[in-house]
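Okay, got some structures for you below.
You will see chain A twice below: alongside chain B first, and alongside chain C after that.
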Partner chain A sequence: MATAPKEINQPAPEVLLRVENVTKIYDGTVKAVDDVSLTVNKGEIFALLGGSGCGKSTLLRMMAGFEMPTKGKIFLAGQDITNLPPYQRPINMMFQSYALFPHLSVWENIAFGLKRDGMPKDQIAERVEKMLNLAQLGKFAQRKPHQLSGGQQQRVALVRSLAKRPQLLLLDEPLGALDKKLRETTQLELVNIIEEVGVTCVLVTHDQEEAMTMASRIAVMSEGYFLQVGAPDAVYEMPNSRKVADFIGNVNLFDGVIEEDEADHVTVRCPECVHYVGHGVSGHTGMAVGVALRPEKIMLSDKKPKGEYNWCEGEVIEIVYFGAHTTYHLKLDSGKVIKAQELNNTRDLSCGLTWGDRAYAHWNDLAMVVLAQ
Partner chain B sequence: MATKQGFFTRLLDGKHAVIGIPYLWFILLAAVPILIILKISLSEMQGTSVSNMIDWSNGWPKLTLNFSSYQFIFSDSLYLKTYLSSIKYALLTTLICLVIGYPFAYFMARSPKHMQPTLLMLIMLPFWTSFLLRIYAWKTLLENNGIINNVLMSLGVIDAPLQMMNTPFSLMIGMVYSYLPFMILPLYANLSKLDMRYLEAAADLGTSPFKAFWLITVPLSKAGIIAGSMLVFIPTIGEYVIPELLGGSSTLMIGRVLWNEFFSNNDWPMASAVAVVMILLILVPMAIYNKSQAEAEMK
Partner chain C sequence: MSQATNNKIFSNLWMIAVYLFLYLPIFTLVVYSFNDSKLISTWTHASLRWYEALIKDDDLISAVLLSLKIAGISALMSVFFGTFTAFALNRYKRFKGRTLLSSMSSMPLVMPDVIVGLSLLLMIISVQHWLGFPEKGLFTILLGHALLGTAYAAVVVTSRLREMDSKLDEAAMDLGCKPWQVFYLVTLPLLLPALISAFLLTFTLSFDDVVLSSFLSGPGYSTMPMVIFSRARLGLNPTINAVATVTIVVVTFAVIASSFYTSHQARKRKREEAQAYSDSNK
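Coming up: the complex of A and B.
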């Protein structure tokens, strides 16, 4: 949904948050965050994506001020906030599972931060009213959090963190507590509200779909450091390592060796097939590389493709029907299993393959990414 | 027939039996004794025994209710004064226990997880010795030639012993000391369950830790505060042993009046009436509180 602003031909964006070589070590030995640096521009929605224990939450908690970095500095709008306690930072956070105060009404929850700032009563009322409208929760103002549905609680949590007009909004697994159907609608609502307010946002999630739909840039994290930072499409289509390719979406990985290395193409010989890649890569002949190929870029047929490149043959061992598409598991003669995703664009199953059939998988010469080992 | 069978199977099935046991317990050990006391309080002494409430001598039951004990309680200002003074001491004990117990429970709940069982053990340790012994121990500490006075005099801090025994001071020491664990335990149970994310959320919204304590921790531990206060207030209001041993004659408490009516005056109806009024004194405010709580929940 949100696409990255192209970085060329644009004025240099204003940097809001700068994290400089931040490291967090727990108990003297456990490195949760390992020498991470990043900048977040004003108005951006930036996602930290990774599995559990990758350090993304620790990094977010350091931005909020709940954890102090062992090393490194954090700047907000040029000001060093590394040692500022959370209650003095112009940053607000929407907590995972919301942390709405159970003894206060929706209205009081939203007004909580404003009251602490000593805002005059009439201004508080006005601001809370505005926030309630933003979240479409006007008639629930006097309810207690436990009397609301999950989606309503989520919106209260969001506007509570927006009420103080923070310079930076932190979202910790914002949709994690919602079921799948609700998540899709809420995701859009969330982005709409954030864009309407125009606040800069850092969000933490383990759900790549959530990161891709909401964020303008994604940092893929693993073991405390960034594997890759980039726009969602860049991270998906041009992963810079096997880990990223593997983590974001599904991928078939082939091991091979560069056989031909030309400026406009390369060929990679793998045990299963020969890949003809329609662009040059930084590498040399004889170099061991990996080739990543997304399942949706593979076409299946029962006829042998022409040419010697970019196809392989195998037996259909599994068919997984998803409704909109079907994933076929193809066991190649080498024993390797690859996945191919076929769009169900007609009502009869598109390629008529069934369990045990011999099938050919083929793809075009721009479908794959060559990865260094 | 179906309903009859249903009734008996329901009576015997596990679910009702399980609920039935506490009910049975309550009826036999609380409701029945209270009704007996109520009955005695409405009769009068005839020699060494209590008069019968229902007289069958004429062939039909004749009910005699004797309110003279209650009349006497409300006409003699000594009883009223004693009730008020009991409430005063019980409230004061509850308040002091809360002021001491809350920080105690708070730091216990916040101490490292592996320390908590030890701290809990220390709270319960006094229960391993007899209650009576512990009260007597206080006596030897607080007496005029007790340990505290002797130490202070030998250090030259005071010339003459301080009168601590048989004063409201010694009474409060004994009551707070004895009932403090009953305040700490429910508070600890409540505070250790407090979700730290609420405090983080408060800090995130600009609340200093001190303010967050009053705005978040205290309101969210309301149930623990109420439970602890009830557990201290209710037994202290009728406390007998501590006022008898530490309070002396100058501190009026209803428990001692009760004892005197029963065992010195041997006036059972009077003693029962005193007890019934005491129960009402505790029950009525509790019932009102529960009702208002239930109404607040409904909103």
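Coming up: the complex of A and C.
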């Protein structure tokens, strides 16, 4: 009997999950997910980022099998899993509320999925032991969930979802239930464990910091569809629309018109200033565009900058101290308010500016992104 | 005297008044069960003769045993049907007739027992006329008590189901449970406390009931409340005081034991949570 020919010319990154034109409509009218397609490669940590009601959780729940798509298909490792119930998918999920079984001990929680698979007892014990070590919870094996702290509960939830060695791990707001101080350490622990196991992940979050630090690629979602998909730095530094620029981090947006359009630079005239952008853009002279400028890329000074481009003048109306940096709100003569973030790199906090001062904001010619209207 | 002490005296007096109102009748009953006199309201001297009479009173003893049996079986039936009702109302997707079921299932809670008893009686008589059964007796009393109890059990189970995290069901399914496995591996163990309290509640309801039983009972099936009630009409006999005292003692012990147990559990849980919190901060 001939064996199926092996594909030799596989493309370098192996696609694990493929979502094809998936739409989810609730009650016949509400479009929660609108014709979304995406692929997740093996070993990748992929984040779905968006505000509440953007459809990210619905999409995740369709991957897990808790919701069925109205239209479209979902493939895992080439197999159509669109209509498989959750208990037949080699996919496990870590819930935001952890959903640990309160009547079972840590050990039994982790063994729960393995027992359902009918794994022999000695193998279960071995696997659970491994998982407990991974989460550094060995001495808590016999405790009930309520006898653990929040961070420990979270690690139990994580290793419980890893115990069955799923092909795909889904994380629903993995750090959502923890306080800020705990988040940073837990985030690292989480990524370390995931990388040690080498499992492919899709995570859902509304927190851009969480998405940027954990994920290798991010999909920014709004109103049921993807605004932009890319690596964290690409999404942050090269947003493809005002919505993305606005959603990820803080941004100052200027409206203007392309005045000069060359291969190596463009100038954009705005009411407040003229931007000199040090690279070419796809556009033409006279085209209305937006210019996005991140606050941390603006430098403030009380002296008028030289040259005619890339600066503007205004009055300091607000100073917000964050410890590591300070944000100045500058009211320009046109009435527009821009934010500038200055790093507090000495303990002498004043960069010489205080409320009511006139100040000059300037930036270099690679600091901004030109966005089509 | 200051305002505060005034308030304190008043509140203490008020508390004593309430306790007297609640427990003086019961206390009197207990004391008179040890009275030697045949008259229920005249104290002569202490004796156990009515307890002796109680042991020899086969009618009363068999009525108590019948009541216990009915209460036990009907409470089991109530919990069984009540749990399914609660599930249908809370865990299933909206179905046609859900609102109707929801209001109908709580109807026995507000409907006067006399009406429920009467309508059940009429129904049983006509069914018996057409089909030749059921004979009025144990089965019909059980039916009536289970009907009433199901409504109460559904309320108790519903409140527990509502506060349970429905993500637990999803987590179980995610880890490989088929829906029926989710039910008996996760939902049922977590519902157990509610099932026990539903059982105790419906047991008490059934044990206590005189109205439904009177309508639905047949010859040879007199429950304890029915016997007490009928004897009271003929003039009270201190044996009744004795059986009442025995019941009171049993109930009091059960209540005290269960409240000790639950408060012990709550304290233990609190201690463990505090321990987990302080451990994590080390």
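Everything that follows uses one rule, which is that the second predicted complex is superposed on the first by the 361 of 373 C-alpha atoms of A that agree within 3 Å, B and C clash if a C-alpha of one lies under 4 Å from a C-alpha of the other, contacts with A are read in each partner's own complex, and residues count from 1 in each chain.
In this text, a residue touches a chain if its C-beta (ideal position, glycine included) is under 8 Å from a C-beta of that chain, and two chains touch if they have at least 3 such contacts.
For clarity, every value in this text was computed on a predicted model and none was experimentally measured.
Novice: Could you check whether chain B and chain C clash or fit when both are placed on chain A?
Specialist: On the shared chain A, the partners clash.
Novice: I'd like to know which partner A:N250 touches here: chain B for first, chain C for second, both or neither.
Specialist: Neither partner.
Novice: Tell me the contact category for A:N133 with respect to chain B and chain C: first, second, both or neither.
Specialist: After superposition on chain A, A:N133 lies in contact with neither partner.
Novice: In the superposed arrangement, does A:S149 touch chain B (first), chain C (second), both or neither?
Specialist: The second partner, chain C, only.
Novice: Which chain, chain B or chain C, is in touch with more residues of chain A?
Specialist: C
Novice: Share the list of chain A residues that count as touching for chain B in one structure and for chain C in the other.
Specialist: Touching chain B and chain C on chain A: residues 64-66, 85-87, 91-93, 95, 97, 99-103, 112-113, 116-117, 160-161, 164.
Novice: In their complex, what parts of chain A are in touch with chain C?
Specialist: Touching chain C: residues 64-66, 85-87, 91-93, 95, 97, 99-103, 112-113, 116-117, 143-144, 146-152, 160-161, 164 of chain A.
Novice: Please output the residues of chain A touching chain B within their complex, sorted ascending.
Specialist: Checking each residue of chain A against chain B gives 64-66, 85-88, 91-93, 95, 97, 99-103, 112-113, 116-117, 160-161, 164.
Novice: Contact residues on chain C for chain A in the complex?
Specialist: Those residues of chain C that touch chain A are 165, 167-168, 170-178, 181, 185-186, 189-190, 269, 272-273, 275-277, 279-280.
Novice: Can you list the residues on chain B that touch chain A in the complex?
Specialist: For chain B paired with chain A, touching residues are 195, 197-198, 200-208, 211, 215-216, 219-220, 222.
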